[in-house]
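The next part holds the structures, each set out as structure tokens.
What follows is a pair of complexes built around chain A, which joins chain B in one and chain C in the other.
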Partner chain A sequence: MSRRATARSLPGAVFGYALTLTLLVCLNFVALHALPGDPLTVLLGDATLVFPDEALRARLADLHGLDGSLGERFLRYVGRLARGDLGWSLSHAAPVRDLVIQMLPWTLALVACASVLAFVLGLGGGVEAALRHGSRENPWILATLAFLDSIPPFVKAILILFVFGLWLEVVPTAGALAPFSDTTGLARALELAHHAVAPVATLAVHETSKLLLFARGTTLALLSRPFLTVAVAKGVGPWRLRRAYLAPNALAAVVARTAALMSGMMAGAVFVETVFAYPGIGRLAVEAIAVRDLPLAQGLFLVLGAVILTLNLVADLIVLRLDARG
Partner chain B sequence: MRPLLSCFTLSARLVVGVFMSLLAGASVGVADDAPTRGTRFVIADEVGDWGIPSPYLHDRRGPGFILTSLVFDTLIWKDATGAFVPSLAETWTVDDTGATFTLHPKARWHDGVPVTADDVVFTVGMFREFPLASLDLSRIQSVRALDDHTVRFEMTQPFAPFLATIAGVMPIVGRHLHGAVETPMTLGLPQAAIGSGPFRLEHYDRVQGATLFRANHAYHRGRPTVEEIAFVRMTPPVAVAGVRKGTVDLATSVPVRDAESLAAAGVRLLVHDTGHPVRLKYNTRHPVLADGRVRRAFAHFIDRKRVIETVYLGWAVPWDPRGLAPLADPARDPYPFDPGAGQRLLEQAGWSRTPDGPWIRENEAVRLDLLAPRAQESLARLIGQQLGAQGLGVAVRLLDRGAFDEALRQGAYDLALTSHGLLGDPDVFRQGVLGTRPDSDRYTANPDLVAALEAQVTQTDPARRQALLARAGELYARDLPSYVLVSPRRAAVAPEPFFFTPGGVGPGVPSVLNKLAFLP
Partner chain C sequence: MTGRRAYGLLGGGAGLAGVGLIGAGLAFPLAEPAMSGPPLRPPSADFWLGTNALGQDLLTCVLVAAPGTMSLGLAAGVATVGVALLVAFAAVVLPPGIGRLILRGVDTLMALPALVPAMLVASLLRPGPGVLLLLLVAFAWPFQVRALAALMRRERSRESYRLARGFGAGAGYLLRRHLVPRMLPVLVALTIQDVRRAVMHAAGLAFLGLADPTVPNWGAMLAQALPLLHDPSALWLILAPAGALSLFIFSLFQIGLRLERWSHHALGGRLDPR
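Here is the complex of A and B:
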């Protein structure tokens, strides 16, 4: 029955996904073109030694696919997308697809690792914090969480950089690998992991406090439910209470909350990437908007939007499945 | 329990999957042999990735050009005094109709093919067909090879900036490489980065923001003094820590707060003016600001000394409102901070003011918008406050760069804070006044000023050209379409024999990275 319920919901979820993706393609084009600013300024803006007359502007627009009406450009954009071509970055002089392929995995890895860490710590910590509700340490737990939650991500990143990177020198301070590293296999994996410690920890700490507070609230609500009162009265042990009663029942809500935090984590990744000189699309996206590199901004936001939509679809399906299991 | 486990498993698979894709790496190795580490010169830079060092592929901002100049030679280059010295060209002569260059007979492309005059002819043709916005070739009438090593440029008319804006900045490319593709923008590595410069591109890693150059032992001006240059992305605190530990040889920019302690520790600092002064641009088409007396009055209301102390913590210099250089003599400042002089000018313009009230023009209190890019927020707020203290209603509006440029282009502003480089050839003055860039003044109201600026372009006698520029500067400071305020200073860590090139490297890039410092 539960599998059938999930199966029934699947076509609707997939249809909604496809519809949202189509809207994203259109909005992505329209919204970015609605921004004030001329993409050709990217090419001409930093040139100090030229008078860009109309002929030169027209030639550059033609070379970079910026000519024609908005409608013509939209049709070209959709046509290119259909061929898997995301366009040509004006500021980076490179295919947008190459830039996305090179940069996106780093941001995804950063956000995924931090999400998993925050999910585990948030769920586990939230259950423990809820069980200490009314205890002497409860105010301290809440105060600590509120304090951690109030520190902006870039401040956390700078603190971690200075304390663990520059002062204690226990984590690398820049990049995802040592410059021009030629390590392979396991050594490369370890080097990657070592360089990821500080950025992942920064992002995870920021999200953990949010998830922990959320999981604590969810667990407190559960604790007042009759089935838990009965379980406690029947003498269910503390470990079994956590493992078999509290965590599984709080899981669906925490999974949904983690998925909802993903877009915020993408924004937090911008600061983390900047402070730790870590590769990723965060900085790329901010610069693309600032200099009106529309092909790059369109490509980045489209792919990023599709990734977030996909993750939300997956989370929805997981929640459906978990709810169906009760 | 199973849902919990499956959720963790899914997450773990996601993480492992993404990491596996990263393990494959995304950087581009160019040369066959692996880099050695013994004689590596490490340069720390906050951005790191300035694109592939190739004429069409590098980032359009200054450092992209600098890195490209390591791989691609121009005909001539600037030395530590700012004078032109041989590069690809061994000798040259300039006359009223053009210039003739004789190439160094031993110049070779990195693939061993000799550099010829035909490559220069091809380069000019390529940049004409596929223009770069930073290179104006419109005054070249023709270019032809006189023999294998001699090339002649004919100009449509005498063109004083020729050496500085074409011969000294146009990277020469090989016909056999760039001519082999339909559009040079699509030429990939390694061909796109085969030049004739003192370094070969060894490794370009866009992801890590790192570029590795290896010495070209066959370079026609001698073997470079370092074997490798590693240009690496680092945040300023990390770069400073690297300098202190000796793992970084050169940092392109260090924070002001660290400069003094680094100097005290015996680190060699090169402090230089960026040559990018910030200017208060008036919308001279605005009825209120069309009157030159009003523009001059506003200039008297601005306390530049306080601006430098407050916004730049002392790391800026006042700029001469006449145009091209820092203010050498404060006594010659045409607009010292003098609110009384400003008030008199406004009264002459028919404005009136009650004590402590706002300025009134045509029975209305004057209210103006001051536009600024977000990066200039502190300066904009201080200027707004200083003008406000003199009875002018000024609202500060901060925009991102795209929106800011568009507002300038459309003239949708009253006052604006703009900035562009004034290093390089003095013709940048003309660009700034008459040019069509968003931040140009586009000021043609004074025919004498226009005539002086146009005349200096064709005046090949240096003394006469300088006189024309001085005349234009006086007219500009009197009309004041923009009030050039201050130019920030920058500190870089650089060992001997690095230097700051007067007038900037190439087209006027304010950097201590001049490739001559790597040559014997």
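Here is the complex of A and C:
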């Protein structure tokens, strides 16, 4: 198993974070400039119907930070990012930052709910699956998990939308709220929850199968340890065995997988938001690509990558803290 | 036992069918199906999987997209493990200082989420198969280096390896004759894992409209079906590519399990007692 090597110290974790973030920023810059042709033409592409004259061109280049030499452009790009300026969206005619501030909370809420769900289901299910190792249902459990793991996230989203949204009609098929909804208080909370059920479930199911297999492996290794033989011989009840012996010990290994979980969740959110027409930066990015609004798409993918890196840093720090406690 | 054998035959058969399909598809590329049928027809004797909005036979559409999707995934998986193998080898045989530096660099690259930077670059390029392959490999290889380097370190402590080195064997010979054969089961497992990931990511990028739209792909077929969700025809428009994609990835998993067991056995490893 390739396990992500976690940093051994706080400065190490922060240094690694800064390095990767720099890499992402450079990648964003280089990707645009490595293309053949003038970056401004690439950026505006099909969006310009008339060929701009020199004055308009200069204004556009200034707006997108594309005048001057390559070095100047890079410095200006980094400077703008440092001030929180992510670029100018062509299709929304607004700063990318404003759109991100508007949309990011939805994506984060979606991912947070799904992560908690996947974490609990993965850990609990992994322990249960390990306890059924060697039983008659074991091959079926494994085959089911392998099959679930083989369905790409966007296919899962479409199938869930199809079955629960269109066929059974138990969940809404689009949006985070009903159109022109004016509910308040508890009714609004319920409406929000009702719309979020399917996207959250899709994301959670996608990551649960991976976590579950992982927790199962860890628990299987635990089961052969002497302290568990003693515990079983002592007559520890099945519930207490799971709660006090297996789950806490499998927890550390599962927490160490959080980085991979977050990465998968954020990438999965792009697909899930697209399929369920749910607000968030993933769908915004896909829409931006569809209308060739490249400055917006670039800014959003940068934010998406930065959010993943930040979540990973937090996970690293938590693991460090758990380790420090012994 | 007979059940397991039948299951094995099924897996092997699926693998052979897949390889045959890729070969046939690359040797005799199917033409894009004609837009001559009645649009949005349910499956019937004339159109086994129904037709899409353009009146194209869906079965032909699925088959046309198969060799491209499959071979792209296979090539990306093999290339990913190949690159990771070379980097791991470099990290192991070069002086310890440089080796450590390489592994630190790999850690940094690993923190990059594989799919998001690929989306970023693809949004500018709309890559065709060649560039898509490069993209998929570029963001996937760092994840396998650590495991391979650890394995190589273990293999390097073997007597046979030291003896070969004592006789003056070069780096290429050592890698080819002493390291790769012993690591075969792991390499097979990692390759299959990467092929699955590459197929998923390639289909995902096509679904988002980030791949060259002229290259047929199951992901792109799903993206075309999505706007017709409220039409009854969505059932077969979605199930055909979704089923093909999921079943292919699932059969890769089964083939991988079998290959891994076979290569483990071929190396004189104990057969799994279960």
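In the analysis below, the second predicted complex is superposed on the first by the 248 of 326 C-alpha atoms of A that agree within 3 Å, B and C clash if a C-alpha of one lies under 4 Å from a C-alpha of the other, contacts with A are read in each partner's own complex, and residues count from 1 in each chain.
The rule is simple: a contact is a pair of C-beta atoms (placed from the backbone, for glycine too) under 8 Å apart; a residue touches a chain by one contact, two chains touch by 3 or more.
This structure is a prediction, so every number in the text was calculated from the model and none was measured.
Within the superposed three-chain model, A:A13 lies out of touch with both chain B and chain C [touch as defined at top]. Contact with chain C, but none with chain B, is seen for A:L24 once the two complexes are overlaid on the shared chain. Of the two partners chain B and chain C, more chain A residues are in touch with B.
Judged by the touch definition given at the top, the superposed model places A:A297 against chain C, while chain B stays out of reach.
Judged by the touch definition given at the top, the superposed model places A:V270 against chain C, while chain B stays out of reach. After overlaying the two complexes on the shared chain, residue contacts for A:Q102 are found with chain B alone; chain C is out of touch. Once the two complexes are overlaid on the shared chain, A:A231 sits clear of chain B and of chain C alike. In the superposition on chain A, A:L166 makes contact with both chain B and chain C. Within the superposed three-chain model, A:D182 lies in touch with chain B and out of touch with chain C [touch as defined at top].
In the superposition on chain A, A:F147 contacts chain C only, with no contact to chain B. Across the superposed pair, chain B and chain C both touch chain A at residues 35, 42, 161-162, 166, 173, 274-275, 289-290.
Across the complex, chain A meets chain B through its residues 35-38, 41-53, 56, 59-60, 63, 88, 91-94, 99, 101-103, 105-106, 108-109, 112-113, 115-116, 119-120, 161-162, 165-166, 173-177, 179-180, 182, 185, 188-189, 192, 243-244, 247-248, 251, 255, 274-277, 279, 289-292, 314, 318, 321-322, 325.
Residues 1, 3-4, 7-8, 10-12, 14-15, 18-19, 21-23, 25-26, 34-35, 42, 48, 51-52, 56-62, 130-136, 161, 165, 169, 183, 185, 203, 205-210, 212, 230, 232-235, 237-238, 241, 400-403, 405-407, 409, 420-421, 424-425, 427-428, 431, 434-438, 507-508 of chain B are the ones that touch chain A when the two sit in their complex. Those residues of chain A that touch chain C in the complex are listed here as 1-5, 16-17, 19-20, 23-24, 27-28, 31-32, 35, 42, 134, 146-147, 149-155, 158-159, 161-162, 166, 173, 259, 263, 266-267, 270-271, 274-275, 285-286, 289-290, 294, 297-298, 301-302, 304-305, 308-309, 312.
The residues of chain C lying in touch with chain A in their complex are 107-117, 119-121, 123-125, 143-144, 146-147, 196, 200, 203-204, 207-210, 219, 222, 226, 229-230, 234-235, 238, 242, 245-247, 249-250, 252-254, 274.
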